[in-house]
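Below, each structure is written out as structure tokens.
Two complexes, one shared chain (chain A), two partners (chain B, chain C).
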Partner chain A sequence: MSYRLQRLPVAKPSVAFAARIASVVLALLTAGLVLKLVGMEPLALAGRVLKSTFGSSFGLEDLALLFTPLLYCGLAVAVALRIGAWNIGAEGQFNLGAFAAAGIALFVPGPDWAQLPAMAVTGALAGAAWILVPTLARAYAGVSELITTLLLNFVALLLVYWVSTGPWLDPSGHALATTARLPVSVPEFWGIVHWGLPVAVILAVGLAAVFAFTRWGYEVRIGGSNPGAARYAGMPVRRHLIAVMLLSGAIAGLGGMMEVAGTVGRLQGGISNNYGYLGIMVAVLARAAPLGTIATAFLMATILNGGIILQTQGLTTHTVLALTGLILLYAAIGDEAAKYRIVKLAKGA
Partner chain B sequence: MAEPSIQSRLGLAPGTPPLVSLRGVGKVFPGVIANADVDLDVFPGEIHALLGENGAGKSTLMNILTGIYQPDEGEIIVGGRAVSFASPVDAIAAGIGMVHQHFKLVRAFTVAENIHLGWSETPRRISRAALEARTAELSSRLGLAVNPAARVAELSTGEQQRVEILRVLARKARVLILDEPTAVLTPAEARELFAALRAFVAEGNAVIFISHKLDEVLEIAHRVTILRQGRKVATDWTEACTEKSLAQQMVGREIVLSDMRGTDIGRIGAPVLALEGVSLMSEGVTLLKNVSLELRAGEILGIAGVAGNGQRELTQVMTGLAVPTTGRVWLEGADVTRAGARRIAAQGVGHIPEDRLHAGMAPALSITDNAVLREYAKPPLSLGPLFRPWRATRLAREIAAAAEVMVPSFEMPARNLSGGNQQRLVARREMRIASKVLVAAYPSRGLDVGAINTMMRYFTELRDAGVAVVLVSEELEELLTLADRIAVMFHGEIMGVVPAEGADIEAIGLMMGGRHAA
Partner chain C sequence: MDILAGLIQTAFLAGGVLALAALGEVLAERVGVVNLGVEGLMALGAMTAITTVVASPHPWLGFGAALLVGLVVGMVYAFATVVIRANQVLSGLALTYIGTGMAATLGKPVSGSPSPATFRPLDLGVLSDLPFVGRAFFSHNILVYIIFLVLPVVLHWLMFHTRHGLNMRAVGENPAAADAAGISVMKFRFWYTALGAALAAGAGAYLTLAFVPSWSEGVVSGRGWIAVALVIFAGFRPVNAVLAALLFGFVTALGFVGQARNWPVAASILSMLPYLGTIALMIVPVLAWQRMRRLMAAPEGLTEPYFRDVR
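The block that comes next holds the complex of A and B.
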């Protein structure tokens, strides 16, 4: 008697769901074991994490501020996946959006009511501009967007470091590595949580509706699934590819604008905080569905937030990073494992 | 007198056990019973045909036998013992290998690489030259000529199939399963295949052969098993069968083959579609050479020729998928040379493409999404920029009903449909929009006898309604019964156009080989 794994043609939804739950539980168990081994009290720690995240409005507000940029970046990656493109550059587009919005706020005076929309539009346009070259290279020369979008991340990151420590450095002399506080900010609606959050949720719902209920959404679906069939039906595949990739960049850019003008209030190096990369995970776990992205961005925010709390409990950053990675790894394995089942072999065939 | 045993009729020693047996095999998919209580014995030296309508469960049964699916019921017996295959790797280790309806080769790899992929006998470290030498040796030993260094993407369908077969035989399979192997072969390639199969079973091996071509089944198989709606109806010796009796058992009633010939002579109308001196070059290769054709309303124009002589490119130019390098395309007097696929389709030109899985469908998307590919942009499915999925599902239902395809769920990916049912769906979808012209490339590929007959009847109805039909086919007989005129292609050129009535088959054959019409 022996056992083998067998790959199924399609994963059953019930199994996929169970695998998700099981993977989170397993990841938590493993994390607990590791904490135990380094001499911590896992149960007490878990209790503290839960209490400080969900037990107070401060905890929830912190969570919301992590959730917002993750949702923008997750949506950006998910949108591109719809047409079969991998936007690894949400990190860079996010930085550019923050950079451009800060520039408007700092150097283009205007009334408040005009400045915020102008910053949002500029941030989105900057994000789109940052993915323009990879988009055109993919659309007209077939150059894989994987590498090009990734490489531009480093350029964007360095650009923001440079302006915020050099030309745009806070002239007051109080800050060493940021610009001055922006004169306008995205208004708050609950504690420190600003309108960037509801806008992102509305965006997710809107995108889901666009993909399901517009002709354009249908054409993108066909083009992403089989470009040959889209051409056969006379759809402008290349135009859609360009539009979708630019939209993806714009969403990440808008996320950057909300971060700089809502959460942080100044432009500073590393403002993107890896949200662009985590957004890839968010989108993949949601299988590129905009509404699913809301859920997976929330999961990711909870994990990140838990990590931050653990750091205050004396765990090193490295341990926290390792735990975060572990949970994501389990989630990915669980997802893949749902496509398999174990079969019993009558004999060693 | 007792009937002679199967063994003695196959010339085997009395009591020789089957190479493989299925006992009471059942398989259920959500909403469909794909197989129920199927028994099957396959003996050494036997070519065993498997017949049945589209969706009868032939491919599923063979996928169970090769470990792709697990049976919900019943068992597989090999060498007297019940076995269970977790994957095709296990099945091939037990001597059972399959060549699928849609090939599963890695197109970017060479022939040698494909042969050695996922094979336990492939040495861990081996040079390219050694890999190719091994392949060449296998190829000559098993009598299947292949070029080891060629990339699979560059091979003709027939050559790809040889690679698939070589892959299976190299792994010492004793039972070779072929799922509709001749659907994509030229008659010459099919003859070669049959010779190879006969040689293979002569050595005490067995072949299971799925086909919709009854004449072929009668020619090559010793016995035939017929499935209907997942159940086995009968297993018979082919000597005792006729095409008619087989068809009858498949459907469960008598099929009346309709008379296809046109009724009134005056029906042919004005020119609809015309190609004028069309040439197509790609990367220095001439794919179409100075093709001029005129298509009139109410006629069926057959395109004969060995596959790969420019038929695909001809249909692409006619439907706006390719822009000719020189020459023009006219649709009802308007120049549509550069109009593009969308505008041409919108003007009433339907297109059943040669390669439905890659060109005509998005197999990973739902049946609804695939069914509405031609009409999604029009009301009532779309209002302005808005798309209404519930209307799409309604249209998909309509198309599936007209195509006589049983669909348990319209949300299901289209790739879950049986090969023939995919083809039926695409064909119906295209016939709906073909108000002026229908360009049909090998439309009967993969269809069962009844479905071919139904489709041909629809073609004649379209023709009688004044639609011009272009029918690309390799089956001369199909063209002769259906077409009004036959154009013969060779190396991208039209060698001649002859009336189908009283056509000289010899002359057409010569044109197919490159001789111009006299």
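The block that comes next holds the complex of A and C.
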């Protein structure tokens, strides 16, 4: 009796799911081991994180405020992945959405009920505009959207930094390096948690329904998994690609609007706080399933919140970035490992 | 004239970072492995170099330490993507996150302070004293000459004029055919990916030992990604890669000159130039030179993991 490994072209969903869980657990164990080696107490630290996150409503509210932008960015990346496009530029589109929304709030006077929708629409449009050039370059010239969207992140960060320290600097002189407080804000529904969160969850459910039940969603999925077959079947793959990528940018832009008008209240440099990059993690861990991003965004928010709580221990948000990278590496390896199964060979075979 | 000489001088200095990282990426991509972790490797190299010279102020020691760290991390990356054959995009992004995050965390003690040992410009005697030419071409540190003269020539010769280079390109273009011809696909891919990663980390060391020269969290700021883009623009050729890097050094230098001379443009806007320029250079050639497309095309087997049993 002997055993051998057999590779399947596509992993079984249950095995793939188990591999995802295992990658997160292994990354946390690795991080714990590193902390132990540098003389910290990983279990005590983890206990503290869990207690201050889930032990009080303040902790839960903070968690919700981190969860919201992560869900928007995660959805943005997930939507693009559905048609096989890498939107690594959610960070930039998020900044542009915040920038455009802040511009409307600061310089276009109007009643609250009109301003908030106007800000949401301009935020989404600004996000879509920011991904327009990479989209067209990919659709018509085959230029890698992965690199172009990413490079625009740096431009967007510089733009927001420049306006909030220069032309749009708070004229009262009280605040450094930010604009004045926005005159309107997204209303809260629970403590300090604003309506940006339920809107994001509704968006996730809506997108899941679109991908599962509509013809458009079906064609997008086919266009992503087998573009050749989709084209052969007469589906307008290029048009879908353009629409999906613009939608992706718009979702990230809307997230930026909610952040500036709901959570922060002012436009300032670094408002995106790596949410765009962590959003890639959220989407990849959820295997680009919109409903799955709700769970993975929650996980990432917990990890990010843990990093913030542990700042006094010499850890930074960058440590969190390193930890998420570790999860991503294990997830990539796990994806491949999940395709193997052990088969028992019969005697004499 | 003085401005132009200064511009060219700065173009070499600034372009050197991109050139070294791009050469590393050329090595990896020619054997069929795309490494999107350059940004993270550069951060790790930059942090390693300055931490080393703080302990012992010898620039070569710092540079060597960065190369070594890059090689080790590159071997981990190659293990994941070549041996286990995990997805290269995901693994590369992971490497960027891990490198950037670790460098920022471990580099905190040396953040902000200038490097205690740097690569100084060489004095080439009469050559360095020549008007214009002396400043533009003969007043650089030793790394600039290695990166712009020695490495591209050696790598070009290796890739296009030796049997070893032919094998190397075959592995990137058609791993199944290379395998059938008795070339070890895995060995080539593993070691050139690791070597490319070492050069990327070396580019980070160049940043903190010769160019900036100090460490801060944002010191790499997208240069790794620009280097990855340059490789595509350069058609995966070492000589083109350093020329493209020089062009980008020139764009960066323009931004510096603008800031120094108080041009009526905000510094942040000038800092956008390299990123916008990279995007333009990725898009324009594809549209403009349709005929060059095949000559400049990526290796056929790029990002494709090789499985002997499913060819």
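The rule is short, and it goes like this: the second predicted complex is superposed on the first by the 267 of 349 C-alpha atoms of A that agree within 3 Å, B and C clash if a C-alpha of one lies under 4 Å from a C-alpha of the other, contacts with A are read in each partner's own complex, and residues count from 1 in each chain.
Please note the rule applied: a residue touches a chain if its C-beta (ideal position, glycine included) is under 8 Å from a C-beta of that chain, and two chains touch if they have at least 3 such contacts.
Just so you know, these numbers come straight off a predicted model, no measurement behind them.
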Which superposed partner A:Thr214 touches (first chain B, second chain C, both, neither): first
Chain B or chain C, by number of chain A residues touched: C
Partner chain in contact with A:Gly228 - chain B first, chain C second, else both or neither: first
Contacts of A:Leu106 with chain B and chain C, given as first, second, both or neither: neither
Partner chain in contact with A:Ala243 - chain B first, chain C second, else both or neither: neither
First (chain B), second (chain C), both or neither touched by A:Val15: neither
On chain A, positions contacted by chain B and by chain C: 7
Interfacial residue positions of chain C with respect to chain A in the complex: 36, 40, 80, 84-87, 89-91, 93-102, 104-105, 108, 217, 221-222, 225-226, 228-229, 232, 266, 268-269, 271-272, 275-276, 278-279, 282-283, 286-287, 307, 309-310
Chain B partner contacts - residues on chain A that touch it in the complex: 4-7, 9-10, 212-218, 221-222, 225-226, 228-235, 343-347, 349
Of all residues in chain B, those that touch chain A in their complex: 67, 69-70, 81-87, 90, 93-94, 320-321, 340-345, 351, 353, 358-365, 369, 373-374, 376-377, 382, 385-389, 413, 416
Chain A residues touching chain C - in the complex, by the definition given at the top: 7, 86, 88, 133-134, 137, 141-144, 146-148, 150-155, 158-159, 161-162, 166, 277, 280, 284, 314-316, 318-326, 328-329, 331-333, 335-337
